[in-house]
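Working notes, structure below.
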Amino acid sequence: MKKIEAIVRPERFEIIKDALSDLGYDGMSVSEVKGHGNYKGVSEVWRGKRYRVDILPKIKIELVVPDKDCEKVIQTIVDEAKTGTVGDGRVFVFDVADAHRIRTGEKGDKIF
Amino acid sequence: MKKIEAIVRPERFEIIKDALSDLGYDGMSVSEVKGHGNYKGVSEVWRGKRYRVDILPKIKIELVVPDKDCEKVIQTIVDEAKTGTVGDGRVFVFDVADAHRIRTGEKGDKIF
Amino acid sequence: MKKIEAIVRPERFEIIKDALSDLGYDGMSVSEVKGHGNYKGVSEVWRGKRYRVDILPKIKIELVVPDKDCEKVIQTIVDEAKTGTVGDGRVFVFDVADAHRIRTGEKGDKIF
Amino acid sequence: MVGYLYNILKRKHILSVVIFVMFLICFGAKTSWASDPTGEHTFALDFRGVDMSESFSWVLLTGFTILFMQVGFIFLGGFLQAKNVLSYMTHCFLATTLGALIYLAAGFAFMFGGFEFLGRHLGGGNSFIGWSGFLLLGEAYDVRTVMLFLFQAVVATFIGSIIAGAVAERMKLSAYVISFFFIYTVIYPLYGHWIWGEGWLFNLPFGVGVRDFAGSGVVHAIGGSIAFVGAYFLGPRIGKYKEDGTPGFIPGHNVGYMILGTVLLAFGWLGYDAGSTLAAGDLRASVVAANTFIAGAMGAVTVLYYSYLKTGAADIGEACNGFLAGLVAISASCAYVAPWAAVSIGFLGGVVYVTSVWFVERKLKVDDPLGAVSVHGANGLWGLLSIGVFADGTYGGVSGLITGNGGQLLSQFIACITAIAWAGGLGCLMYFVLKITIGIRVSRRVELTGLDVNLHGTPCYRFEAAGPAFGPEPE
Amino acid sequence: MVGYLYNILKRKHILSVVIFVMFLICFGAKTSWASDPTGEHTFALDFRGVDMSESFSWVLLTGFTILFMQVGFIFLGGFLQAKNVLSYMTHCFLATTLGALIYLAAGFAFMFGGFEFLGRHLGGGNSFIGWSGFLLLGEAYDVRTVMLFLFQAVVATFIGSIIAGAVAERMKLSAYVISFFFIYTVIYPLYGHWIWGEGWLFNLPFGVGVRDFAGSGVVHAIGGSIAFVGAYFLGPRIGKYKEDGTPGFIPGHNVGYMILGTVLLAFGWLGYDAGSTLAAGDLRASVVAANTFIAGAMGAVTVLYYSYLKTGAADIGEACNGFLAGLVAISASCAYVAPWAAVSIGFLGGVVYVTSVWFVERKLKVDDPLGAVSVHGANGLWGLLSIGVFADGTYGGVSGLITGNGGQLLSQFIACITAIAWAGGLGCLMYFVLKITIGIRVSRRVELTGLDVNLHGTPCYRFEAAGPAFGPEPE
Amino acid sequence: MVGYLYNILKRKHILSVVIFVMFLICFGAKTSWASDPTGEHTFALDFRGVDMSESFSWVLLTGFTILFMQVGFIFLGGFLQAKNVLSYMTHCFLATTLGALIYLAAGFAFMFGGFEFLGRHLGGGNSFIGWSGFLLLGEAYDVRTVMLFLFQAVVATFIGSIIAGAVAERMKLSAYVISFFFIYTVIYPLYGHWIWGEGWLFNLPFGVGVRDFAGSGVVHAIGGSIAFVGAYFLGPRIGKYKEDGTPGFIPGHNVGYMILGTVLLAFGWLGYDAGSTLAAGDLRASVVAANTFIAGAMGAVTVLYYSYLKTGAADIGEACNGFLAGLVAISASCAYVAPWAAVSIGFLGGVVYVTSVWFVERKLKVDDPLGAVSVHGANGLWGLLSIGVFADGTYGGVSGLITGNGGQLLSQFIACITAIAWAGGLGCLMYFVLKITIGIRVSRRVELTGLDVNLHGTPCYRFEAAGPAFGPEPE
């Protein structure tokens, strides 16, 4: 089992989610993070002066998938999240040591 | 050392936290996430029409525990988080490669 | 590749970020979490009575670095985040199984 | 769509439509032109006329500020949890709309039938109840009567908002709505009639009879009493009391709203109290306004200082309630006392507030999220009594203890007892009946996940950068 | 800095400075003292003088509350997404400032040239257009004329705010600003002249001619028509309609703001409608105010109940729009009808609102984020007609259908048609020209990431505990 | 509880209770009935009486709107960081309550002793200081005097709120409270006495002597000067300046609040300026109101356009300050100039604002979070001078440069110098003493973690879906 952590642009999130749903991966957790990367940020204005803001809102999608589906899911996310301009984000993958579904008490691969 | 990530219902959080405290696990980090799972969501009303909202607020609890206590802690969380209805959430476990306590500079199992 | 998760005081965040930038680690994701640890919290007042609040705002910094730089980055974070009083936070390290940069589609160590 | 609308109505609510249409017809039919609906005969370019038109400007403009106070009440929702704030605000909104309509249909007639205003006498009424002016039809279609209605209708809306503060975060909307029909036709108008409608309390033989210049008793004590009973019947919110009975921590979501609402209410309160002269030629209005401001400020400072002594923090939320407590306390007496007395009344208003909060929360274990019982109930009673103590005899012949006169205090005391017995008693009856019939409290699941999303279909706040994804439900 | 300022201006905007300075000089030069700029000759300690000074207090104070209604409009931004709220609020802010200045420069002169107010006649004008009072120079520098200007200028600011609600979340700021110059000098003032400036509509030979007491037609129908055209030319927001044409879910970020804004607007509306007597001696003001309140409350209750029947949730946001719909509907007729009729007008206002929302959103597929078209446009028209139906003949000789008189309804109907044709037609022209020249819609990227941060340089809200880190950009 | 209360008080504050009780007693004892506390003798159904009662309505209602402006000030807290917003709002709240009470106790007597108002002369005073009307006791217990007090007390509350904007996010609450006792009894009332109390500045022999219709000098220049000194003594907020001295980025948490607060203040300002006629018979009020509105709008548009030229973004937050700058600038001159001059004054007010912000922030390196120094201080001075330039001689015999008259400008200039010297000098003394005794700045830890949770015991906002867990602390 693998956990996929994708950091993407907020405005791409809907599209990614729909694509994952179409693939059959409904389970995920989403949170708002602020990202700081190669992209040197946008500039904002405060009290009449411009500032460079180098930390921008991103959406973090976390989903756990069976090992075999990992590649497919990553590919989908990368495809849908890409705009080709700086700030598109990253996808990281981690090994999951164990997993439980709370409602049923099931463990391991049965949670899917 | 293991990191336990539990995604639970917001209204169960207090109870879980108290149970973990009773067990002696005080250290944890909590954040708000939005979850999307088997549960097909609640319906909300906007401008006089009903919409199905398939992404609902959840609480993510992250805590790192020594390997030996892992089972016990998971069991406690599962027990306290369960309501038996769809949307109860998941518990995931990860291996921790290394850990530091900032205040003391201690490493590894000494951080507990 | 390793993922470093640091939970630090909100008011130290700027300093840590600047130090990491100086080291050349610009990429990171930041989120607000609530922490609960050895520190028994601050007390707040509501409707004329004091309550002990045992869950306090913290900043979670997540950044993925090549294996070789891991120690250096952790050391920098620990140094800058330390105030020496209870509540300074923790740093956890995880193995990354795989990584992708969305914009370029690059994989593995090429993402840095 | 039209068909859809028709279907809905036909299916379960055809009756209400029929009734409504019948109303319309009978309205039209019953309208008479006996009175002066345009003001042509009331106004003339002479002293009486000019004075009259001044009073119109005065009463209307202050009346508008009274309506505006509802914005202040709505802001007080900052003291509640974010997940229940729409529910509270809707309660205030209903008080402002449905409450006023019920008052129009019947409450006003029961309260002011038989009353004389600016020289115009309004239909029938005795010292217990009035019966004239229903729906402003017939001879109530007169510029003066309509103005009295407007001023009184906006005042009446407060009752609902006061109650909303005590029953917040756990009451069923249906029960809240139904209770209005009883409150706005019976509980409030009748007590109001006895004092403002110049009924039996107004004419008590002690002192000059009960006086209540701007509603400490009629509005706040009555509203606070019903609020107390409501909170009592509902029981405390989940988490309000721990197992050992000590109060838990349920903080509000926006203390700034509380400050905004309070200062906004203070503004409206000045208009409310001063406007209660109901005549521009009564120059005492300036003293009334100054007293109101002074008492409120003193209540605020008192509670802020006390909170600082007790907790070490300057508890601004409580100080806001102290401000309101001072304003409630001075409402009855603002016209009868001197500014120095307003300082004392405001100070004591703050003391009454903190004492009452402690008593209600710790001893009675009644959960009152906004402190409505202590702000409006306890200080409403204190306000009634304060006339009996501090009235200095300069205005309206009302003399209190400080002039060596005890009779007035006795009258005011009787008014207090009556308010508690009347509103408390009928309130108990009402909530009891509601409880055993349709129920008054939402389910545990609704309370835990928030009233807003369950009863109103949406949370109040959505600050996410990215909207969640949705699909419309098949109807 | 001063040098910097100078440079900027010199570089690209030296012309505008020159023009402005020339204006100042010519202002000074043209100022004449022919009229009564201090009010010394207008006031005297006699009946006319005292009555006059009363009217001043009345009109000024109600005028202030009208300006205050802009706070209410701004609050309605709670119905939009958090990322676009500043953009909407800036639109309202510009209506309040730039709109009023353009109206000062020219709109007022076109609208009220040739009009008589409180006994003072204002310069030249015919039944199609006025041409006197530009910049309040010359003989317009008179206390009465300036007062009329103030009252009308704050009313005029609404046009911009009404439109803002329909074009929200996707309109270019530049196009919005430029459209003002046309709206505030041509579309609004001319139609206004025809009714309020006693032009040809006012003098139609059916009934007593068109009447519109407080702007259902002049303000709301005109604003709503332009708003509709604007929303149509812009097209729907991204995500508003799915591929199959069913509406998507774009919820607002703060429903509480909507409630606050609505009750706040209700307060101002009472002042607006009652103040539209423009004379303190017109005691009908009390009936006007009561009618306004009653119709608004009835609209709110109607829509709340309907939403509950239809969705099972008490949709408080829609109920707020119902409140506003009732207020818009009664604006024209508030002075001419009895309170019972206000109940009916408010009820039907709610019905018109829900029907119009359904029609605009589902059938016409025009995206109107705040419902401005349904609230102001549809109910503005209904408000105009309601006089022809419910006027009871007591005031101003205006008699509607219920008195068995059809002529007035014909007049009102002509006013409706004219409003749609005039504002709709010129609106189309204006938005079409803007669209093919500078463009009226922001880019897809700006719309997705939010207008606030792109056009105004900052998001509205920043609730983070820790501020992000920054370095100032080299200039 | 009662015992607990008693204990606290006994332990450390028994003295204050004793003093308070003594006050009460002496209040009661000293009350005299020499004056007309009910208005019976002041009002009569004749021309003077009717005119008088009109003035009461006018002054009271505009006074209420002035109090309401505090809601606007509180909203400006949106320009600060979320963690310090309660602290700022509490400052405004204290100005509204404690400030007014201190003014009641002594400030009013120093400011208006010896002044004649609506034909009533108030006790003793010379051209430097007044000494009559303490606590409104004795002969000050008169409807006219009390009305003057009310109007002036609500105006006085602004001083504290102006200062709050400059010292925000880092000042100790204790120091802020203590400074009030000096500001509200000495700095503000004495300068006020010299102009509004008809002291030596009012009677300067150049032109007609200093004039300041609605407080550009008395309120804004004085408040702004103290604010500047306070901000200077406090030093900049952590992070405001980088090591190289360039300003850092500390954005506010809710720009929408700024817009709401500004438009709300504009509403109140119209009431404030127009109400400053203090007599309903002075019909110039309409010109006053229109000028105020025009100048504010022009200031807003000017700054918005400038920000767009300079940064490419329409900086709505700064535009709000431009609106306020225009309003401050016109406050002194609103009654003496023609509408075209109000356009110029507002335009220059915007220019003064941006120049002053640049100068204070970049050159003087003084950290003024809300821009209070530039809005109120710099534009207060410009407002004073603007009379000397643009007064057109129509009202009160005041003629400025444009009529070819330089004397008035000299008077106004002396008033400016005096304001800076007096408020700046005493302000320095006050903050210096506070700094070396109790300290004026919070600790670094408190500043970093937020003043709200440290000084007021709670953050302002809590939007979490799940409340945190708590246990009550053993007391």
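Going by the order they are written in, the chains are A, B, C, D, E and F; count residues from 1 in each one.
What we mean here is this: a contact is a pair of C-beta atoms (placed from the backbone, for glycine too) under 8 Å apart; a residue touches a chain by one contact, two chains touch by 3 or more.
Keep in mind it's a predicted model, so treat the numbers as computed, not measured.
Traced through touching neighbours, the fewest hops from chain A to chain E number 1.
Interface equivalence for A-E, evaluated over B-D, A-F or C-D, points to B-D, where over half of the contact pairs coincide by residue number. Set side by side, B-D and E-F show the greater C-beta contact count at E-F. Note on chain placement: the centre of chain A and the centre of chain D lie 51 Å apart, centres being C-alpha means.
Remark: chain D and chain F have CA centroids separated by 32 Å (rounded to whole angstrom). Residue positions 50, 54, 57, 61, 65, 239, 247, 249-252, 310-311, 313, 315, 317, 354, 456-458, 461, 463-465, 467, 469-470, 472 of chain F are each in touch with at least two other chains. Multi-chain contact residues of chain B (touching two or more other chains) are listed as 10-11, 14, 17, 31-32, 34, 44-46, 49-51, 53, 55, 94-95. By the touch criterion given at the top, residues 1-2, 5, 8-9, 12-13, 20, 24, 27-28, 31, 33, 37-39, 42-43, 45-46, 49-50, 52-54, 56-57, 59-61, 63-65, 67-68, 70-71, 74-75, 77, 85-86, 89-90, 92-94, 96-98, 100-101, 104, 135-137, 141, 143-144, 146-147, 149-150, 153-154, 173, 455-465, 467, 470, 472 of chain E touch chain F in their complex. The touching residues of chain B, when paired with chain C in their complex, are 3, 17, 26-31, 62, 64, 94-103, 105, 111. Those residues of chain D that touch chain B in the shared complex are 239, 448-449, 453, 456-458, 464, 468-473, 475. Contact residues of chain A toward chain C in the complex are 2, 6-8, 31-38, 55, 58, 60, 70, 74, 77-78, 81-95. In the complex of the two chains, the chain F residues touching chain E come out as 47-48, 50-51, 54, 57-58, 61-62, 65, 81-83, 239, 242, 246-256, 259-260, 262-264, 266-267, 270-271, 274, 280-287, 289-290, 293-294, 296-298, 300-301, 304, 306, 309-317, 319-320, 323, 338-341, 343-344, 347, 351, 354-355, 358-359, 362, 392, 394-395, 402, 461, 463.
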